[in-house]
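Labels A, B and C are assigned to the chains in the order they are written; within every chain, residues are numbered from 1.
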Amino acid sequence: MSPAGPPHGFQQDPGGVLYECLALGCWAPPPRALEPEPRPRPATPWPGRDGAGPCGREEKFCPPEGAGAPRSRQDGAGGVEARPAARPRLGRVEAVDGARRFANHRVLVEPAAAAGVAVMKFKNPPVNSLSLELLTEFVISLEKLENDKSFRGVILTSDHPGIFSAGLDLTEMCGRNPVHYAEYWKAVQELWLRLYLSNLVLVAAINGASPAGGCLMSLSCDYRIIADNPKYTIGLNETLLGIIAPFWFKDTLVNTVGHRTAERALQLGMLFPPAEALQVGMVDQVVPEDQVQSKALSVMAQWMAIPEHARQLTKSMMRKATADSLVKQREADIQNFVSFISRDSIQKSLHKYLEKLKQKKG
Amino acid sequence: MSPAGPPHGFQQDPGGVLYECLALGCWAPPPRALEPEPRPRPATPWPGRDGAGPCGREEKFCPPEGAGAPRSRQDGAGGVEARPAARPRLGRVEAVDGARRFANHRVLVEPAAAAGVAVMKFKNPPVNSLSLELLTEFVISLEKLENDKSFRGVILTSDHPGIFSAGLDLTEMCGRNPVHYAEYWKAVQELWLRLYLSNLVLVAAINGASPAGGCLMSLSCDYRIIADNPKYTIGLNETLLGIIAPFWFKDTLVNTVGHRTAERALQLGMLFPPAEALQVGMVDQVVPEDQVQSKALSVMAQWMAIPEHARQLTKSMMRKATADSLVKQREADIQNFVSFISRDSIQKSLHKYLEKLKQKKG
Amino acid sequence: MSPAGPPHGFQQDPGGVLYECLALGCWAPPPRALEPEPRPRPATPWPGRDGAGPCGREEKFCPPEGAGAPRSRQDGAGGVEARPAARPRLGRVEAVDGARRFANHRVLVEPAAAAGVAVMKFKNPPVNSLSLELLTEFVISLEKLENDKSFRGVILTSDHPGIFSAGLDLTEMCGRNPVHYAEYWKAVQELWLRLYLSNLVLVAAINGASPAGGCLMSLSCDYRIIADNPKYTIGLNETLLGIIAPFWFKDTLVNTVGHRTAERALQLGMLFPPAEALQVGMVDQVVPEDQVQSKALSVMAQWMAIPEHARQLTKSMMRKATADSLVKQREADIQNFVSFISRDSIQKSLHKYLEKLKQKKG
């Protein structure tokens, strides 16, 4: 148990949703997202598909679909661009110093200093928010690594230390239409299912703050190393924004820190600095900032020494029931999100907040 | 893990149920309970109702019913008084120093020093045992606070430091009839369902010993602060009485301290002094005796700073499945209790024990 | 959380299953097991039975059956001897210093220094591997003690300090036929069900290394005391052998140390030295090597002081759901094991490993 005290990094105020959004201001994407000219859309790598089932671990590639059936696309007005029918070449392989390097827009994939290990770096400045673009590229890159027998482990980290990831991208949830919200939420689900059940060894090298969705990605790895910097807080702080972490965020946290710590942390939206995160079990190790990568590599070696098949099956035995509870109600979970985020009150708050931010930065 | 050793406050003896009851002598209600003239009955605030469903959190008020259907009331002989058909005015509001104060018999409800916070004080001397009267008043008072928008948090404490609550009232379980036992057990269930799923922030300010049902009430709050006095032990010590904590007591404990600690503590009937209670996670904080109330207020401020709706939904997400497992089998749980407590052997032991106590005090 | 580092007692090497088996070489049974003349078979104490249901705690004796139905026995070629139709006298009682002593081949049962307590000592040199013979005798001995009202507690320990038990016997899984594998696995299941739901108080006095199945037996007790010797490691290290702990091993571990610690320990096949085992909750106490037995007795006294019936029902309430999940799919679990262990690749690895060991020792 950590000592009682106000959640870190927040001032308390009864101002409601809008205030709470402002409290997260440092994580907000830049205001360009709300300007009329659209920012670069993700090069969507798949044609529309009908009726794809829920994506379990057996399926080899279940892309985050658009709005589901083509019919709903036709009547979806605004915000959803036409999609290329052909699969563009994403993640093309380049020779870099004799090693391979996937070149994506938002996620860098590089071979690590150890054989069989890749490093995936979030590169979505300023705060690595999980835009639909990033999510899409991330899932594709992870899929490629899963299918490439020469890789058995992946280290997740940020390309720009200071922020691991700020989590979900508020601009994907504001001023769009329900079709877009559904597409976005499906991509978030896909990210988690892919990470949580990955056959690869996943080590989070947390070199920056890791709130909300950033925390979820860390919790979905097999091992978490955080840099010893008190500014690098980690936690599921959704309540501070006036929103609720979905049940599968909650399940992932409970599996990591237990029911009581999760109950308190989720209700209070607690963000733990490294020492406290270690104490409650939210991370496995705290190391000096310049040793995060090297420590991640040595931990990775330990995990990769285990007979592969046995480790993978054991991981699945530990995690499958938790993942299945989302797989079984994936559509309902999407509908819940869409109806919540579409509320006028929520939209108004988000819009005002982003406007304010735009003025501030503009 | 606490160090091994005999449960605190108990001497060990193979004397069985009777002995075990004696071991809890300090918590027993005074002998008047067995005298021919009935003690004041709770002013039952509802007419008999048929077929009320299980009480979930959505229901606004589901009173602990008498014996269920009127038919069973008619043949219930002795111990169950006729009920007033009209709803008496309980918990009337008085003006006290410009603030409101609910005047009940067994539970004092006072506004706290902070806006939006009430203090509920058990006042059922000598040991705040959970009589049907107290349970009834407690549930009504809590209901009132839930419905009063000016209150968002409640601090539970004892009006007389030294004993938080001794738990269930043995005189409600001895020498009565099955109809009474059923009524009593339903009231105990109702207490727990109300507390565990309350929309209010509940902080337990544990200013005295808190065994059995007293511990359950503490565990059902959102946060537990205990006075640093080694006499103030807390735990579910039912096995020491030769009885078994019901499954929902167990679930509440497991959710708080984990499976292994609960398994050991429940089997051994362990009562933890404050330092050990903190170590296993049964309480969140240990503070000097004179700071229990002030600390409760500062913790309350922290919880009340969270956007209300998000906090409530998150709490429900964490707790609803546990509560539902009782809601779904509430009647069966009552029948289990009634058939257990009605056994001749149990009744004999309880009767002898209470007689002995009466002689001692008389 | 224990500090990161390689699992204790293992060197890491990507050599796969065979290598991993070799890593466990110290636990292997002596090579005689592979010689043409059969080693002494367990004196099977029951005739073949058809259609015995799953064994819950209510059943008084559900022996680990042979291969199930007689039909499958008839077509089972090699390795399964004819069975005596009559029940041999196992575990006969001798008078030793006025006390009783069951004389079995592989499990010694002796009265302890305290009334009502027995000591069961594994005596299957060199490493107390859980041969079918030992499992059979163990279950019978435990059953006798359960039915003997003069015993209420049992201390499990090793007859030869240094090794508590090396776990499952690899020679029972190599070069036999599916009928034998099924018989063996059913006996392993039976061991666990008997231990986990025993009405007796079970204290593990762990006086030696306790990997895999040895760990499972410890985890199934009510309390675990380990000798303070860093060589005495404990853990479910199945992945290091290239095999997977069955789900009920996993459930037992999760109930003891929680989800996250179990997830990591199982995937890495971690073997914890005493201090770390205590830290993660895998054992309850670490004591000097010469105090393991005396401490076990004093802990036993504590548990036996609790009213028996209440303790037993509370234990069942904590454990029954976990046991039921195996009882409900016991046959499927056997078939899973048989099909896994019958694979050519697994058999080849085990055979090579045991041949190598034979040459080494011969």
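Please note the rule applied: a residue touches a chain if its C-beta (ideal position, glycine included) is under 8 Å from a C-beta of that chain, and two chains touch if they have at least 3 such contacts.
None of these values were measured; they are calculated from a predicted model.
The two copies, chain B and chain C, are related by a rotation of 120°, based on C-alpha atoms and rounded to the nearest 5. Where chain A touches chain C, the two copies mostly use different residue numbers: shared numbers make up under half of all numbers in play.
Separation between the centroids of chain A and chain C, computed from CA atoms only, is 43 Å. Across the assembly, chain C contributes residues 258 that each touch 2 or more other chains. The residues of chain A lying in touch with chain B in their complex are 1, 3-7, 12-14, 16-17, 20, 238-245, 247, 250, 258-260, 262-264, 266-269. Put simply, chain B touches chain A in their complex at residues 222-223, 254-258, 278, 281, 284-285, 299, 301-307, 309-311, 313-315, 317-319.
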